[in-house]
Amino acid sequence: MAIRRQVLKGALGLSLAAALGSAAFAQDAAKVGLILPMTGPFASTGKQIDAAVKLFLAQNGAVFGGKKIEIILKDDTGNADTTRRLAQELVVNDKVAVLAGFGLTPLALAAAQVATQAKVPEVVMAAATATITEASPYIVRTSFTLPQASEPMADWALKNNIKKVFTVVTDYGPGIDAETSFANKFKAGGGTVESVRVPLRNPDFAPFLQRASEAKPDALFVFVPSGIGAQFMKQFVERGLDKAGVKLIGPGDVVDDDILESIGDVAIGAITTHHYSVAHDSAANKAFVTAFKAANGGMRPNFMAVAGYDGMRVIAEALKKTNGNTDGDALVAAMKGLSLESPRGPILIDPDTRDIVQNIYVRKTEKKDGELFNVEFAIIPMVKDPVKAAKKQ
Amino acid sequence: MSHLQDRVRASLQASRRWHIAEIVFWLIALGSFWAFPRHLLLMNEIAILALFALSLDLILGFAGIVSLGHAAFLGLGAYAAGLLAKNGMGDPVLGLVFAMVVSGFAGLLSSPLIVKGNDLTRLMVTLGVVLILHEIANSWASLTGGADGLQGITINPVLGLFAFDLFGKTAYLYSLSVLFVLFLVARRMMNSPFGLSLRAIRDNQLRAAASGVPPSQRLALAYTIAAAYAGAAGALLAQTSQFVSLDVLDFHRSADVMLVLIIGGPGYLYGGMIGAVVFKFLQDTIAAFTPQYWMFWIGLFLVLFVLRGRSLIHGGVKLFMTRLPWLSGRGRS
Amino acid sequence: MSAVLQTRNLVKTFGGITATDDITFSLEKGARHALIGPNGAGKTTFVNLLTGVLQPTAGAVILNGEDITTLSREARVKRGMARTFQINQLFATMTPLQMIALVTSERLGYGLRAFNVLDHDPRVIEQTADILARFRLEDIMNETIASLPYGKQRQVEIASTFAAQPSVLLLDEPAAGVPEAERRELLDIVAALPADVSVLLIEHDMDIIFRFATRITVLVNGRVLADGDPVSIARDPAVREAYLGEESHA
Amino acid sequence: MLTILFDGIAYGMVLFVLACGLSVTMGLMNFVNLAHGAFAMLGGYITVLLMQKLGVPFLLTLPLAFIGAALIGVILERILYRPMYGKSHLDQVMFTIGIVFMAVAGADYLMGSSQQIIKLPSWLQGRFDIGGVGVGRYRLFVLVVCGVLAFSLQWGFTKTRFGSRLRASVDDARVARGLGIPVNRLFALTFALGSGLAGLGGALGIELMGLDPSFPLKFMIYFLVVVTVGGTSTITGPFFAAMLLGVADVAGKYFVPEIGAFIIYVLMVVLLIVRPDGLFAKGRA
């Protein structure tokens, strides 16, 4: 009985809110459909981005260009078919001005067609396969691309006397992206590479790491989705690869700030290239981290959060530029070429590719004041996605 | 022509006569198109799920085969239709037929694994097959797009006339039409001598064999047909979403469809469809209140349902359905 | 000799146990032949070998002059061998009418017709009505089988075997489990089976055996102990010791 | 090479401990329990919680994981599982899938969706060389623990009164009841033991297989393979099946990483075609 009453109350509240909402803001609301995996194995992505989006609106108010941004959050559970349906419903039923979120590559791709057909901007806040922005002229990305983060790693490795690298990547889009972009660059610079790909649902890294250790490389390049990074790191150490002098390198996913603490000391010494570290030394970042932690019970923001934060900002800036015009083409045009100072440093939405251009930092995982951080020690400024850059030439 | 012969004929005829409730059911399904224009996408998903559950009903409800891997054929059909469209043949009906042939053929090939062995072996083999397919689809990225899904599917207008739109109008009517046609075929089949022999095998395999019914042959055939039906559902999924992802081969697809059929009740063809409506409605409602944990409520629902709720719910359904003479004495629990 | 069903040196072993030990047996045309023996004598195994539920380790089964040793169960049915089981084996959710119509349609080879309907075929209707009438099932033909009393179910089972038009009928303890009140009707039906059908009756009940059987085979420990007409079997001292002796214990 | 064999055996050992309870309950009551992995997950989370929140040393958490899972097992058996024994396999499958779903969502709710990580005591970390073969300390530890367990289970199963009664009941529950064996109580005990072992396996497996809410789904197939391939009437059957599976899985991924993920499934389907009643079945379906 009690449950039922609650349900009724909830339903009543919702419909009331909806009625009021549509009455009060019918003219001056810009709805943003935020589709994220809030449940399932990629829920942490959803939580980070959702929190960052809320933080941005709380800090900056919700009115831009005369329009009040209204967020409609939907959970796609990491399931591409659901993403597609939700995107379609948001466009058709809720008449959203912008679609945003998209935790994984297939999810972003699933919505691409909807964005094109409906002429609605799709702001990708997480998915990182290079090709995504080519799937629709309405896609704008505020996260990063894996080649963007992986190629600088090859440069760094070549400069630091690493001749032979063994790559271990998860066998799906982003992993393959990371592997090929790194390997191509590294080989072009005279290094040798051996590779294995690990199945996405892999319970045990032992056989792959065994191969790696027998290859006796100078460094192990690794990309795994952030959740299983910890397991990988531990087995890396268990197998004694660290003691054998093998460096652990790769894009920053494996030492995700969100879980770095629970990975523990085994992560110390890992060299990674990425676009954001919670330890990034700037005033903007310090303010961001402090506010984020305060609003989320001490949870550290990670690279997902910063992309969500900047994504909202890109939407807001675009609205300002168009003076509240929510036409999709106008919004995308306004987003192109946007240049902002983000907590991660300067960022630019490439007017040609609608992809993000940003600094890539070389970091080393270290312990500071009893906490683990990825400490930046070198900068490669304003890196474009190398895959699309190569295509243009 | 004796009086008794007339009565026999009448009884046999009665078992396949259309009941008013059936007609009402389909009218409602069609009428929903105008009644709920905001929910056409969801309704399209329901129609596809209903077809998938209907396909499971053919083997579970009518032939008694327990499968944990029915998604294998859904996935094959989806990829078959998707790949065909990607390679320039975007006619939806062509894709549908192609998907049914591919899935049906796969069903035929794997049927020897199914017809022999006990329930446990069947569970294992069906689960194993779908897992292998999932791995293949994942690894063979050059063909399937791997974990990124199959991109770039363009579907031509249905019959060259009705283009797929964002609102899901064409999608729903197309899926509903396919569901209806395939339902008609299934209904006819299940009232044929072949359908009767399947029921015989399900009821009592020992007696079926002792009555001259070859169980392996019939089960293999039923399995093939069901696979083709699942392939059709997969094709609809691929065509109406113009996208195929690895998810079509995921375990939860097989589990969900089983749940759908159990909710509606197996063995009378409408179970899958009623179940699909209830399931999607539940999913949507629960997801609206506790988006994070609807899986928990579905699980709880399942447990309670199997423990005691079934007789309760089916009691209601049966009360309604006992009017259908051809349903008499069907409910297997 | 006009044997319709024969076995030659039939052997079946399970692991180290020999359940059927070199049985050579023959069922004459039109016979009412009883197969008796104490519990565990191998009667059920023998019947399972005849009907194809089990495959023999050695030996042959011959039906109407054809070696059917390796044929499947359903193929034997098609060649004219039908059976009932010790415990009713029926299609619980069907009606007697449906069950008999099914067996009839299978006999006529319609089993793979997926788009025909039964009520369009005059032969199915005619023959189904015929069986229903002969076994006095008209009144219950539209009831669900599972809801019928056990005796009636037995009747349905025997009737359904006749829809297969068998030349050989194996009845495995037809009266077992049937309440006294329904027994008489059932036994009348067994007694009225057509004379051209050869019947092999597997039974415990001596009343039934001596009422129907014209010939008796006694199985003990998987072997044929004696074979002959009822009178000589009843007098056989070895049978009395091995079988009737135990019977009085039980 | 030998290292791979060693890794495979250690992996197989954990699989065995995880799955052997399932094989006995399946054989005893002919009950298809797809939710077995939920008990393993429970054991895993008990260890994680004890270590993270209360700082209990790893070794001490292992028996507690066993006891916790066994306790929950007994309770669930009493109130939920028992009414299911008489039902069809389909019902059992649906029922246990329901339990799995609840367990997965429940774990997500209570523990979060991320991978759980524990810190092993330092003497279990790292590896050492024996004649050129690299041996992970933790894997060796797992191998010893599970090996001892397997031996004592085999001993208990074949040599004790409990074992002989259990075997009689697995063979034919009806006859066993007739002989006055309290099959129901026996089953409750076995269920507890099986769940407990699963819990222990889950705790031991955190380091090797990871632990997150989807654990029961991810590993369901592995358990079922062990049971179907190994059969349900012995301890040795599942044991060798688990070894075979562990070694084949690890070796497959090592030698042919491209198709490594297939090996276990292909192996299972092939085995089921060749020996539909299990690798070590003795003519009993």
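Order of writing sets the chain letters: A, B, C and D. Residues in each chain are counted from 1.
To be clear about the criterion, contacts are C-beta pairs under 8 Å (C-beta built on N, C-alpha and C of every residue); 3 or more make two chains touch, one makes a residue touch a chain.
All of these numbers come straight from a predicted model, not from anything done at the bench.
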item	value
Remotest chain, chain C as reference, centres from CA atoms	A
Pair exhibiting more inter-chain C-beta contacts, A-B or B-D	B-D
For chain A paired with chain B, centre-to-centre distance based on mean C-alpha positions, whole Å	38
Intercentroid distance (Cα basis), chain D paired with chain B, Å	34
Where chain A and chain C are represented by their mean Cα positions, the distance between them in whole Å	73
Chain B and chain C: spacing of chain centres that average the CA atoms, whole Å	40
Touching two or more other chains - residue numbers and ranges from chain B	135, 138-139, 292-293, 295
For chain C, residues that touch 2 or more chains besides their own	none
Two or more partner chains touched - positions in chain D	108, 258, 261
Partner chain B, residues of chain A touching it in the complex	7, 10, 14, 38-39, 43, 75, 79-81, 84-85, 88-89, 91-93, 105-106, 109-110, 112-114, 117-118, 129, 135, 171-173, 176, 199-200
Touching residues on chain C, where the partner in the complex is chain B	51, 53, 72-75, 77-78, 82-83, 85, 89-95, 97-99, 101-103, 105-107, 110-119, 125-126, 128-129, 132-133, 138, 141-142, 144, 146-147, 157, 160-161, 163-164
In the complex, chain D residues that touch chain A	3-4, 7, 11, 108, 112-115, 117, 119, 125-127, 134, 136-138, 207-210, 212, 214, 218-219, 249-254, 257-258, 260-261
Residues of chain B that touch chain C when the two form their complex	2, 4-5, 7-9, 11-13, 15-16, 188-189, 191-197, 199-200, 203-204, 206-215, 218, 221, 328-330, 332
Chain B-facing residues of chain D, complex	26, 32, 80, 83-84, 87, 89-91, 93-95, 97-106, 108-109, 217, 221, 224-225, 228, 258-259, 261-262, 265-266, 268-269, 272-273, 276-277, 285
